[in-house]
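Chains: A, B and C, in written order; residue numbering restarts at 1 for each.
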Amino acid sequence: MDQDVVLTARGITMTFPGVKALSNVDFTLRKGEIHALMGENGAGKSTLIKCLTGINDYEAGEMHIAGIEGPVKNHSTRDAQNVGISTVYQEVNLCPNLSVAENLFIGREPMTKFGTIDRKSYNKRSQKIMDDLGISVDVTQNLENYSLAIQQMVAIARAVDMDCKVLILDEPTSSLDEEEVEKLFKVMRMLKEKGVGIIFVTHFLEQVYAVCDKITVLRNGNFVGEFTVEELPRVKLVAAMMGKDLDDLAEIKGESVDYSKSEMEISAKGLAHVGTVKPFDLDIHKGEVIGVGGLLGSGRSELARSIYGADRANTGTLKVKDKEVKISQPIDAMNLGMGMLPDDRKAEGIIGDLTVRENIILALQAKNGMFKRLPKAKQDEIADRYIDLLSIKTASKETLIKQLSGGNQQKCILARWLATNPDFLILDEPTRGIDVGTKTEIQKLILKLAGEGKTVMFISSEIAEMVRTCNRMVIMRDGEKVNELDGDLTEERVMKAIAGGEE
Amino acid sequence: MNTDRKKAHFLTKVKNWPLLLPVVSLILVMAVNIVHDAATGVNPLSFFIISLNETTSNGTILYGRIIDILNRGSEVAILALGMTLVVSSSAGTDISVGSVMSLSASFCCMLLAGYGVSSTNELAVPLVVGVLAALFMGALCGAFNGTLVAYLGIQPMVATLILFSAARAIGLLLCNDLIVYVRNDSYGYFGGFTGPIPTPIIIAAICIAIVAITLNKTSMGMYIQSVGINSKASRIAGLNSKRIIFLTYLICGLFAGVAGLVNSSRITSADSNNIGLYYEMDAILAVALGGNSLGGGKFNLAGSIIGAYTIQAITTTLYALGVSTDQAPVFKAIIVIIIVAIQAPPIKAYFRKKSLEKGVAKA
Amino acid sequence: MKTRKMNSNTVLLLITIALFFVLYGGGCIAYSGKGFTHLQTFLNILITNAGLICVACGLTVVMLTAGIDISVGSLVAMDCMMLAVGMEKGIGAVPMCILIIVTGVVFGLVQGFLIGYLNIQPFIVTMAGMFFGRGMTAVICSKQVAITEAMNSTFYSWANAKIVLPFGGYMNNKGKYMAPFLRVEVVIALIVLLLTFLMLRYTKFGRALYAIGGSESSAVMMGLNVKRTKMMAYVLSSVLTSIGGICFCLNTMSGSVQQALGFEMDAISSAVIGGTLLTGGVGNVIGTFFGVLINGTISSIVKTNGKLASSWPNILTAALLFLFIVIQSIFAAVRAKKK
């Protein structure tokens, strides 16, 4: 093994029922290196990290850690900590109601000779740890009094103080502002000096170039390659992440039409939701398919949510069909003819313990109101129609939706919205986790809807499918609408716009 | 081979039958009765015998242990209706129903007798005013609980704790610290007899019918379950989660008012300290016994109702076995623990593992 | 940089303490003629509520883990009945007290195991505990049993021992000096209070309770033994309740099925008024102590007035509970907004 290498993983393979989550992935981390792990949704980043930290149990491949003979296999996060791998997650796994010092030392507090915990000593030690990291906090204050950035830092300090060789930062920056990110970087660089190897998972390209030395890219569970930052400029990185070769889908794009003359469907002025989307203006015309591009966390979903009222917009005005409207919750938007398929199917889409039929008619019923129940015959008719139309594979329409596969669940949610016959339909990642055949079907369906004069907002991580289906694209970066592309959309143009910086 | 598979299929069907738990419990209770009767030399089927008896006070009435259970179990059955909806929508329990029963009864009797009057034969206001007042008071309390839970986001148990301790006390205050007797036949009707049938049974049947029809004819049931299972997704699909949770508490309070009225009518008085005492526990137990998860989501109304009568059957049986009213809770406690323990995730996981191992061994 | 920020929990505690002084001060002004200003009035509040102090301390411990224990009232009743019947049978005071504590440990172990290891909701488990305790009380004896001097002189002497304070007395209208006094149960309760306070603040177990209440999943991630800690919390609650039961019995000197009815709600409301959050992780026994004192002061005022209906203490306590819950939810909302 190379002298500097602290962790190597070779040929890691892992399957979830029916899906190959990782196949033959390699990863190498050296001492004093900040190594970015990149890839779009479903690329296998978090699966790989869970394999390293013992949460997932990989089937093939092995892992080595410097200073330990033979392959290492962790079975729990505790195991991982014992071999020197610590992880800091996006959600801070600390106790907000305890002081900073307690969070650093809980479970391993120094004791006095009376068998009580030695507050003085650990307060002093904690203060030193935080001072060493260059973070000015009063360690006796409760953690909840500090910003997320500081909390993140405390989590890192706890990990580092527990003598770790490998520090995994899993999207620690998604909820931090620029200044806070800078602070975090300072700490990361300091740890790097001390020889800690850091694995950094992020969706923000700028951050990769600001702080990382190496980049490993994964795509669809496959290892794409390990690069130094210099050899992989932004556009190439985006291309590596998105992949250019996944396209064996038929060219299904319709001829381009100029929609700017057609009626206005949605018009937003200065709409914003504090903390997720900065104020944006957006006009959408009837019959358009408008794509929203950007990396995960760029605000692409949040833009749609603020229009739909899933996150109530704090500022700005919204016009629907040239009428100014106030949307305070989704039902208001639905009554204006909108519908939204959310990206997190499990948390916001399916009602797991209800049947396929109930899931399909739910939105239509909600629009009708509680006391105007759809007759059972009508419910059956609607459910059957969509099961047939979208070829949903289910034992019967009375099967619980949670028993269906992900793709079929997604089709049920799609059916739920089609049943309401919306004028403006937002589809947030409708094709995620779905096989290629179904993907094409959904894309065709989008074009068909547009052909019928409906307006569709389409959000996806796969640029290829957006380029194929959209007339126009809005590009989001870091919560801001940075660009609008129309005319001839190509993957390269879109990627450049998403990457930004060096046009 | 084929019959084997058929047998297995039948077994899984039985295993997944939502009413399995309450029905099995009910059968167990009946079995205990039969065995006990047989052992003491009484006709083993005396549990099921219903007869018409002549009484001096009420004329010809139905008589029998089953009638008694149905009669005495009415209040818990009525409460269990509301409690089921509350548990489903908010994954919490309304512990104030017993106190609210007492308050509703006190308010009703106070109006019927007039403030400060401890005993009356004449009604101060028409009966219907008193009845509506009881229902109104129940609904008001329900609305208070619902506001705290749905709109202020307070844990159900904490929110309902307030009325749990205050409602009974307010009732006492309304009655001027007295037990108010309304010795008027018309008031005794709700706890008395309609023809040969005890009126509480009829009232419970009406309440059950109203809820069943509402659930059948509107989509309230789906709304409540949907919110209980996944309130975020329900909101995105256009349901007003908060309003639905509020509604379930309102209904629960209203039924507590009905139950309070029945309970007070039985004794033609408002005994604030004793009406509805521990009824919240029985109502919650009925829901759990009915096979409903106290974690919210899917509910089964029929289960809760059977659960409510099972509890009454247990109580009646215990009395028949010579256990005193005061001692009965010991057995209830043991039953509660057994029911929740067999549903606990670690125990379920253990048995699943066991049966898997067995399956492997067979293969 | 060392200026301590006031955090909202400290504010809540201060509100509670201030409320106590306002209530008590109000009582003093309104009923000065009826002896409310005498030190003994305050000491009587302590004497009557000594049992409640112990029980509420136990509940605070459980509530810190985001749990609840509603079995405490019937456990107190069971303890009193055991003491009364035991002494009727001629068992000594000390063995009886030990038996009571052991019963508490067993009771707590069962409840704690079901909650901690089997993951059953605390409310349901302790509701069963509540049924069980009340039922067992009746099984032990269904009549009211009074403890007399003839039965057990030791216990009787404990109950009647006066601990006279050297200050704060007054002359009664016959010109006799009335020295203020405490009782044994108050001393026990104050010791329990102090020990619980120290335990919560200075032991690993105490801090683990806060950690679990703050975020159970984080506590697991940080390597704490969450299951065992939760179980021990319920054991502690039952043990403190048992001690509270002894204190309660020293005050009432009898056992009956109807005793300590609704005691669990008094204890919970004391803890909540004292700033303990039912969502866990926040609170301490000092607040709970003041919560008990507030409850006691309300009862005392109503009693001193003599004309108010007996249900007023319940209503006022519930109103205070309502007030505090609303304040807490507002604080929580503000905190959420800041993030």
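In the analysis below, contacts are C-beta pairs under 8 Å (C-beta built on N, C-alpha and C of every residue); 3 or more make two chains touch, one makes a residue touch a chain.
If you're wondering where the values come from, they're calculated on a predicted model, not measured in any experiment.
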| item | value |
| --- | --- |
| From subunit C, the most remote chain by mean C-alpha position | A |
| Contact-richer chain pair (by C-beta pairs counted) among B-C and A-C | B-C |
| Approximate Å spacing (C-alpha centroids) for the pair subunit A, subunit B | 45 |
| Separation of subunit B from subunit C, taking each centre as the mean of its C-alpha atoms, in whole Å | 31 |
| Centre-to-centre distance between subunit C and subunit A (centres being mean Cα positions), rounded to whole Å | 48 |
| For the subunit A and subunit C complex, residues of the former touching the latter | 77-78, 81, 92-98, 102, 106-107, 109, 115-117, 119, 136, 138, 141-142, 144-145, 148, 158 |
| In the complex, subunit C residues that touch subunit B | 68, 114, 117-121, 123-125, 127-132, 134-139, 142, 257, 262, 265, 268-269, 272, 278-279, 309-315, 317-319, 321-322, 325-326, 329, 332-333 |
| In the complex with subunit B, residue positions of subunit A that touch it | 310, 329-331, 334, 340, 342, 347-354, 358, 362-363, 365-367, 370-371, 373-374, 416 |
| Footprint of subunit A on subunit C - complex, ascending | 1-2, 4-5, 7, 198, 202-204, 207-208, 210-211, 213-215, 217-219, 221-224, 281-282, 335, 339 |
| Sites on subunit B touched by subunit C in the complex | 93, 148, 152-155, 157-159, 161-166, 168-170, 172-173, 176-177, 281, 284, 288, 294-295, 324, 326-334, 336-337, 340-341, 344-347 |
